[in-house]
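Shared between the two complexes below is chain A, which has chain B as its partner in the first and chain C in the second.
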Partner chain A sequence: MGRLIFHRAAMSIPLLLIVSLIIFGLEAIVPGDAASTILGQNATPQSVAALRGQLGLNDPWVVRFGHWLGGALHGDLGTSIISGVDVTSSLNGRLAVTLSLLVPTILLSAVAGVALGFASAVRGGALGRFIDVVSLFGFALPSFWVALILVGFFAVHLNLLPATGYQDLAASPAGWLKSIILPVLALSLQGITYVAKQTRDTVMEVLETDYVKFLRANGVPERSVRYRHVLRNAAIPVVTSLGLVSVGMLSGAVFIENVFVLPGLGSLATQATLDHDIPVILGVGVFFTLCVIAINLLIDFAYGLLNPKVRVS
Partner chain B sequence: MTTATDVPVRRRGVLRAVLATARGRITAGFLLLLFACCLLAPVIAPADPLHQNLQEILRTPSGAHWLGTDSLGRDVLSRLLYGGRSSIVGILEGVAAQLVVAVPLGVATGYLGGRFDRFVMRLADIVMSVPVIVILLAILAIFDHSIAAAMITLGVLGASGMMRIIRGTAMTVRQELYVSAAELLGLSRTQIIFRHILPRCRGVIIVQTSLFAALAIGIQTGLTFLGLGPPPPAATWGGMVNEAATTLSTQPWLLAPSGGLIALTVLALGVLGDTVRDVTAQNHTSSGGLRVKPARRRPDVAQAPVPEGTALLSVRDLSVSFLTPRGEVEVLTGVGFDLDAGQTLGLVGESGSGKSVTARAVLGLLEANGAVTGGSVIFDGRDLTRATRRQLAALRGTRIALISQEPMVALDPSFRIGSQLSEIVRSHARLSREAARRRVLELMEMVELPDPEEMAKRYPFQISGGMAQRVAIAAALAGSPDLLIADEPTTALDVTVQADVLALLRRLQRETGMAVLLVTHDWGVVADICTHVAVMYAGQVVEQAPVEQVFGAPAHPYTAALMASSPEKAPRRTPIDAIAGAVPPPGAHPDGCRFRDRCALSAAECADDDIPLVRLNEERVSRCIRTELLQAQP
Partner chain C sequence: MFRFIPASGRRPGVTRPHLAIAAAVCALALAGCSGGGTGSQTSSQLSVQFPGPPISLDPAKAGNGGSAMFVSLAYDPLIFLSGSGDLAPDLATKWGFTDHANEVFELTLRSGVTFSDGSGLDATAAAASMNYFLHAGGGLVGNVGPVAKIEAVSPATVRITYKAPTPEAALTLTQYNGMGNLIGPKGLANPQSLLTSSDGTGQFIYDGAGSVADNRYVYKKNPHYFQPSAQHFDSAVVRVINNPNAVLSAAQTGQVQFASGSANTAAAAKQAGLKVETAPFFNWSLNLVDRQGAVSPALADVRVRQAIALAFDRPAIAKAMAGSYASGSDQVLLPGTDGYDSNIGYGYDVAKAKSLLAQAGFPNGFKLTILTESLLDVNNTYSQAIVDALGNIGIDATLHVQTTGIAQFVGDALSKKYAAIIFPTAGTTMSQLDSQITHGLFNPFGSADGQLDSIMQQAATADSAQARTAQYQQASRRLQELAWTVPIFATQSVYYTAAGLQNFQASVLNPNPMPVGPTADLSWRLK
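Our next item is the complex of A and B:
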């Protein structure tokens, strides 16, 4: 158990390095840089050159990367080349929004996905076929499109929930809840259906194992077979698939935040992309990578708890 | 034996097999049609995708505009066709990048192995966790909204999944005999890679490619939806969804064509991938999605009159069918035997003879796709094939218990041994936790497990196969059953442990007086423990008799052959030395005697009719019409 967690934690350092290196390295080899971006197309070569010197862009990229890395280790991710605002603090302000979207989505996907998948596996029949079909649609429907349909129905047509915007949890819990319901639903569709499908397949496999036959054959009540033994053993692969889908949700979150105009990391990154604001994108990269690391650690932890082979050794 | 010449056949086979399925034809057809329409957009599009007509904005579908017009009066269908071009190009770029990275790396790591392999795999592990979206956004910022650059990056970052699978295949191929042979024959590595490894990965590559393409469409449309692709007047699918969003309250219809087409495309790619996976999967096992049962006989609470007879278990004319991809297949035909209290009946036969299915059918625990289609299983005066689920459940463990072939997989891997035993004990009798614990220890002592206290705390993976089988026996004995069904209880164990477990079973049987139905293919086990034998072949009982009679002189050529094929166990050499051929698969039996093709004594008359069971004496039957010839053999 300890070793598993340690291994994952040790992997997070090269992961962070790789993410920032890819972004940094690409920027360095492509012509056109922050100075000309800031000054726009009408800038004179002299003013661009002056600003380059000021920003330290004339240094070799290794030096600049070292400089950025040194700052990052102290929690300083530089400043936005557009607004001049400190990247770390603007990201910190937006993290809560993104987590407000991600955490409920992951929880909903886990609970609803496992419940649906489990029910369809033990019941089979129509419910099972329904899950098979719905999971295909969950996979196929683009989340931003689903989001727009939800907005069209619940916000525009029924006028039940706000179409856009975000309310702070501390300021107004009810407002917060209203503002995240549709985004969470739109983002969960894929997660729920994916987890449901994985759960269904795993549970059906476990139901056919020798130990389930053995327990049944020797008189263990069906209720215990299902809810104690099958659920417990199916949980191990399901938890792994939940981790995969959670990491994938980061992409979905970027689209969803834009649809609902949520001031989170994803919408910030999108704006930064339109502005060619590399320091901000780098910062979001670091934050997202930390999210991935956190998700993976949680999943490993759950995996270790569920799997006695890991727990005992 | 697979040889190089088989490969092209199999290769054409994938395509043909995919197109043989309805979903394969529909999805492949749809994708081809879409591809062709987008490619030919300049020729077939009804209008210029950029032509605005402010007189005709936000129209619903009509003859002039099949899919309506957008907020600038542009023809939606034409814009979809032109927009599709950029999506298709995006997919192709991504797929190409993925293939260029995954195929060579997968083959190289799998085939070369060693330090290179470890390094690449470690790197791939890390890359799997990279939050791809941020990298894509950075690429779009750096490369000035070039969707091509983003898609290529997506392909590279997404290559690890495909690489892993190709690596696995390459490793298998390398280990296989025919490649070693090829190496000896002097084929170069390149030849091995191109003639043996890549053709084998074909199915996997198609599956991964179509799943990746589905993902790529999602990302490509997402990015263009965010306005990060080609700037406005240009038509893109994602951009059209975005435009539709601005008129959501006035003309919601506009969401339908763009989003619907994206969804259909992703769906088609996903289903196509699944179809290829299904047709290339090596084994269509029970998890293959076939969940329908053959018509099972209705449980009948008002019991039919039970035939006279005193046997504890009396199986009569039992037939069982399984529903397979090829249709309903009968695996047991009219199986019958009797078992009295205190007796041990050995069900003997090669694998495929139906002996294990018989045992499971008695317990009412057939696989999900199997069902009893005829006959009866009379246990203690009650027909179990007509019992309800609940009635059956009440019998299990208390009246009939089971130990199975693979003790290591018969115990739930997630629970401690003590906890599993205790649960079984408590499902038979209402006991306090403490009383259950004492009973568990008692049972563990009964099956001669050393150090029960300590053993109870272990997980199944922490004990040996022999120990696990003892635990399983303890579990089975927990409800003091009258009948124990033992499915190959010693086959998976070490030879030294086998004898101990058999001795234990014999002792327990003597002490408890239970009947044992023992499934085995091992005459040594039969000689050791059984009082009676029922020999099964191709879903039928071909001989049943007390054990001394069978060992004295087999009364069916199959029994004789089976004994001869394990000479050290059989007490007497019989005319047939080994049985050539194999048990015919269910549904493919020859007419007449099912053993005819492999029988040394077969004659023309054996093919005429189904062979009935012939009664040879009070206790003995045989399904052979020429037994006297066998008896006459020296």
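Our next item is the complex of A and C:
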């Protein structure tokens, strides 16, 4: 286990470097800069040039990246060009919002997806066909469209939940719950349906294997067959799909945070990109990369728990 | 032996009745803590929406238009521009030119006013703030006229000396142009502090700790405000919401009492019981900037530019683009502004347009690449309509769409690669519009017209309002002859306000009203 963590940590260093280099390079080739954004459309070319000089934007991009990298290696992600706020503070301030969105979404996708997929596989019939159809639609529907429908019904029509905004958990647990229900539902629909479909297909495949027939033939109780043997053997592809879904949710959060006006990392990334605020863009990019690494690590752990052969290798 | 668990053999703990009860309890709990979905908002809080974050919270570097809201809540201007377009005393109680050339302007300051840092307002503090504005490097410095000197000439009098006649000096000192929004001495000593707190004399004090950058900006009531009767709220929040559907949902559910709407969602807003307020704002124009023909030789001929101006069925295009929220526009000034003349305008005459093109040597038209953008003209429907109309007179126009941002669009416009640019003008006076049309992205090739300059010079030194109006009308005619900027249709700014919101007014003379004013009647309130 220790070796695995060390190996993953070692692998993450070049990955972070490459990702930040790509982000910096892409930002450098996009037209416009933060000086033009700050001064607006009425600015004279002279004032834009002066501000560019003040912000260090006239330096070659390799030099600017070197400055950022030097700071980042010492734990300093720099300050926002636009707001002057420390990037690490900005990320910390918004982390709770994004985690409030992502953690319940991933849990809901896992629990509901596995439960639905498993139930439809073992019971088949109408439920199975229903899951198949709903999975198709659920995966095809864009999360922002689902969000608009949910807002229209639960917030505007029923006036039961807030249409936009976020409440801090510590300030108001009930308000927090209300503020995340619709975003979580909107973001988890794809996850639930994808995991349900994967679970259904895999469980049906395992149910047809010889060893399951052998277990049943030997009088092993059906509950034990399903929950001890079938579910466990079907778990690895399901965990893989859950990992993929979780990574996809990082990008989905960007859209959902904008629709529900949640002050999370996704909306921070959107605004920073519009503003050419490169320290913030890099900060969010590094954070999301760390999330992907962490998700992959968790999947590896799960593989190990589920399959002893993986643990040995 | 195979043994199948029957349907009734599910785990007893997760039966349908249990799930139904759990769902009902959750629904009741949510309904119980539901307050209309407004979160922590109190009855004495004003919550307003704005589509984007502030350019800066430092008044010297802030934005204008509706974006002035972020500053106006905490900083009073010297002169207040009301929603109807009238100038009202604010931190200055009197103002005017002391010479006949409209170059020396004096303001008498209100007494008994304090900044939130505790220091009193006097001419020295006011002059220091205005001089800071001039040198802070903000984007609005070009809007305040050719200032030569700002000085305190007595404890209560500030004098501004201009390098050239500036008849609209008073307008430049309102809440929309930065210089008139006064900053206290402590804020000036540490401008960085203005990003996390405020140091003005306004109705509210910015609460940086309670705000979330790019999402919600919170303001607390200023206990030392000079006119307590104008303070109708204990706090104010500006929420940044840019998705039009989210804006509508927030307004419909009472999360905001004021929101910027759009023609697309206005009908739904009306149906939901919101008040829909409008004011003409953008004058969408095809700017024929290559007047020397450097990129497109045809545009050097004034007959070609005039032909282009005749190619648009303006009322039809306006209706198609935004229904009742737009109208055809034939001149750079909008109806209701000083100098607007209903007797002038291009009209719609395809035959005459083709004839002019033939006279200029382009009977079969020509190719033209037009620069446009997709942030204001979302989906480029406006631009496409303009291109289609040009096709009717034989001009083969193609669009180059800048999608990255306005700043990048401006960069492209100034690059001198494009002969024509689609972008709206926006201004309430001929002086502002002339300044726009003859500078920046509207004039990247640096065209000049002696006749127009002469008319505007005479307007600047006119000794009466009537004389100035006549000069402005003359300028409008001259611009029509030149056909540098071809107005096509004017869209309205659309706002949604809560049914109980009072004192809100938007007009052609001020399409971006502010929630706070120096008197009870000029400040928004909730009934």
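Assume the second predicted complex is superposed on the first by the 266 of 313 C-alpha atoms of A that agree within 3 Å, B and C clash if a C-alpha of one lies under 4 Å from a C-alpha of the other, contacts with A are read in each partner's own complex, and residues count from 1 in each chain.
As a convention for this text, contacts are C-beta pairs under 8 Å (C-beta built on N, C-alpha and C of every residue); 3 or more make two chains touch, one makes a residue touch a chain.
In this text the structure is predicted, and so the values were computed from the model without any measurement.
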Who wins on chain A residues touched, chain B or chain C?
B
For A:N58, using the defined touch cut-off, is the partner it touches chain B, chain C, both, or neither? Pick first, second, both or neither.
neither
Considering only touches as defined above, state whether A:N92 meets chain B (first), chain C (second), both or neither.
neither
Scan A:V292 for contacts with chain B and chain C and give back first, second, both or neither.
first
Based on the superposed arrangement, let me know which partner A:R216 touches: chain B (first), chain C (second), both, or neither?
both
State whether A:G152 touches chain B only (first), chain C only (second), both chains, or neither.
both
Once the structures are superposed on A, label A:L160 by its partner contacts, choosing first (chain B), second (chain C), both or neither.
second
Chain B and chain C footprints on chain A, overlapping residues:
30, 32, 148, 151-152, 156, 216-217, 219, 221-222, 258-259, 274
Please name which positions on chain C make contact with chain A in the complex.
1-5, 7, 27, 29-31, 33-34, 36-40, 53, 55-56, 61, 63-64, 137-143, 192, 195, 212-216, 239-243, 245-246, 249-250, 252-253, 255, 272, 402, 404-408, 410-412, 414, 440-441
The chain B residues in contact with chain A across the complex are 125-127, 129-135, 137-144, 214, 218-219, 221-222, 225-228, 238, 241, 244-245, 248-249, 252, 255, 258-259, 262-264, 266-267, 270-271, 286-287, 291, 360, 363, 365, 367-368, 393, 396-398, 400-406, 409-415, 420, 423-424, 427-428, 459, 461-462, 472, 475-476, 478-479, 485
In the complex, go through chain A and note every residue touching chain B.
11, 14-15, 18-19, 22-23, 26-27, 30, 32, 124, 128, 136-137, 139-142, 144-145, 148-149, 151-152, 156, 201, 204-205, 207-222, 224, 228-229, 232-233, 236, 247, 250-251, 254-255, 258-259, 266, 269-270, 272-278, 281-282, 284-285, 288-289, 291-293, 296, 306-309, 312
In the complex of these two chains, what residues of chain A are touching chain C?
30-33, 36-45, 47, 50-51, 54, 82-85, 90, 93-94, 123, 148, 151-152, 155-156, 159-165, 167, 171-172, 174-175, 177-179, 181, 216-217, 219, 221-223, 258-263, 267-268, 271, 274
